[in-house]
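Contents: one structure, followed by commentary.
Think of it as A, B, C and D in the order they're written, each chain with its own count starting at 1.
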Amino acid sequence: MDAAELQAFLTREFPQVAEDFIVEAVGEECVIRLRVADRHLRPGGTVSGPTMFALADVGIYLAILHRLGPVALAVTTNCSMDFMRKPEAGRDLIAHVRLLKLGRVLAVGDVLIYSEGGTAPVARASMTYSIPPREKPDPAKSDPAKPEAARA
Amino acid sequence: MDAAELQAFLTREFPQVAEDFIVEAVGEECVIRLRVADRHLRPGGTVSGPTMFALADVGIYLAILHRLGPVALAVTTNCSMDFMRKPEAGRDLIAHVRLLKLGRVLAVGDVLIYSEGGTAPVARASMTYSIPPREKPDPAKSDPAKPEAARA
Amino acid sequence: MDAAELQAFLTREFPQVAEDFIVEAVGEECVIRLRVADRHLRPGGTVSGPTMFALADVGIYLAILHRLGPVALAVTTNCSMDFMRKPEAGRDLIAHVRLLKLGRVLAVGDVLIYSEGGTAPVARASMTYSIPPREKPDPAKSDPAKPEAARA
Amino acid sequence: MDAAELQAFLTREFPQVAEDFIVEAVGEECVIRLRVADRHLRPGGTVSGPTMFALADVGIYLAILHRLGPVALAVTTNCSMDFMRKPEAGRDLIAHVRLLKLGRVLAVGDVLIYSEGGTAPVARASMTYSIPPREKPDPAKSDPAKPEAARA
């Protein structure tokens, strides 16, 4: 899936949060922007931990979809994060995502999160996703894991 | 701080999320309830990862405040989580929190999260908090880190 | 597998390290002792990080074997550890291990490590193991994953 | 400290393990080689988990020393690792280490470990170190935290 397909997938599958995230680039490294809004902030103007978790989680998920096509049922099984600096007030967050492993049953991704324009990462995350068994392709049958839009 | 003081602290300092959390018990183990609402759900009715992160994060923070009194500036520096089972639809989540370390500069807490009434944990988390240097008490001067209500 | 079977399994499969570990108890919680020797120490007499990692790793592995029988090919896929206090010099380390999940493909365990006689944990670990697919039992064929001694 | 100083520091402070590790390069990214020997192996010829932990731990420690000079008392407080592929038999392991944060009290480093010549990482680690308070420099007094060799 390319950037536009990923953005459409988010809008379709995760309408509650889709407008928070913009797929800026896909490839060896995927780049995802979080449009920081008031609802993401804690007192003092800093972006909340759960918001940074969500950015890392969505970022790795999209990097997996970029490689595999839509796998709507992939689930996060493990996460580790380091919160290293306070995000700068009034700036979007930019996540740089790499997939370190994309195996048959597990995928591992790595994320660095920056305040837009910053050079030192505000957070680091790695997450493991469990990938559901993929059925052998059967051209005669519609594949429920691959919605129409994604095959366009 | 006791359960009522912690609940009041949440309402005062984190008004955006305070109504999500109920302090059910404090002590060696602190018990925090997340009142699951639609905004916490993902498609399929499961509670989102960021919501479970938020519950673990708030739970350990409250366990620290229970022991130290209000330390409004303690910040999460590290988190690891395992997501082990799908939360049951339509049930609150209950976090059982233990502090494993409460040092001068770092605190480490451990959380098991259950669907209410369930016996197998849906998630496990451990988090490290950095505790700001505490000033030596100076009775002549108001301490901004200790709001009035907390000293009551 | 009971404690004696686990100890025999260690001796047979991991002869390089088996004498380091003693299976003290199995059950809901498994208890494994590390017999601390000079080779485990760092300058100052503290037990090295890799040694504590090894204790946690072996402990969770044994807790899985206790439940599943010998699964020689289970492999660690993820680990998180917090090192909270300096182990006391000249004391063995005691690991208390719980399995939080034992699924078809993944197992998650949790460990608290104490200096013998101590009441505050020196370290905490959680680890994920990937469990190899188990063949359907075939009484006509010898199963290489289940060595003879283990079935005794 | 440059590569030769780091190697000398290892030999002096950690004589039990110093010969396992070779400082190949220092800079933005530090590169550390683990000379794999029989004592690092598990049945089947794979490198043990504790050995990979040790490589990541030493690698980040050396990256901190490279920047700060000898801080013999920095201690690991947290570690997360993903074990993604089986190391290739008979090959050294090469760790690529970056410091993501070097604060006043905490440092965070990130490591990718490869089998020599391999292009896909066998493991990923991130670790937090607690840095002891540094005394204000006092030119009149010898600083016990900075051994002679390190100032050469």
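Note that a contact is a pair of C-beta atoms (placed from the backbone, for glycine too) under 8 Å apart; a residue touches a chain by one contact, two chains touch by 3 or more.
Computed from a predicted structure; not experimentally measured.
Engineer: Just grab the chain with the largest centre-to-centre distance to chain D, centres being mean Cα coordinates.
Structural biologist: When every chain centre is compared against chain D, the largest gap points to B.
Engineer: For the pairs B-C and C-D, output the one whose chains share more C-beta pairs in contact.
Structural biologist: Between the two chain pairs, C-D has more contacting C-beta pairs.
Engineer: Shared interface numbers for chain B and chain D above half of all numbers used, same, or below, different?
Structural biologist: Because over half of the interface numbers appear in both copies, chain D and chain B meet with the same residues.
Engineer: Find the geometric centre of each of chain B and chain C from their Cα atoms only, then give the gap between the two centres in Å, rounded to an integer.
Structural biologist: 31
Engineer: Using mean CA coordinates as chain centres, what's the chain B-chain D distance in Å?
Structural biologist: Chain B and chain D have C-alpha centres separated by 34 Å.
Engineer: Distance between chain C and chain D based on Cα centroids, please, to the nearest Å.
Structural biologist: 25
Engineer: Please set out, as single numbers or ranges, the residues of chain A touching at least two other chains.
Structural biologist: 77-78, 80, 82, 84, 128
Engineer: Between the chains shown, work out who touches whom and classify the graph as line, ring, star, complete or other.
Structural biologist: Here the contact pattern is complete, since every chain touches every other one.
Engineer: Provide the residue numbers of chain A that touch chain B in the complex, in ascending order.
Structural biologist: Residues 13-14, 16, 39, 42-43, 48-51, 53-54, 57, 75-84, 86.
Engineer: Provide the residue numbers of chain B that touch chain D in the complex, in ascending order.
Structural biologist: 77-78, 80, 105-106, 128, 130
Engineer: So in the complex, the part of chain D that touches chain A is made up of which residues?
Structural biologist: Result: residues 80, 82, 84-85, 100-101, 103, 108, 110, 112, 120-121, 124, 126, 128 of chain D touch chain A.
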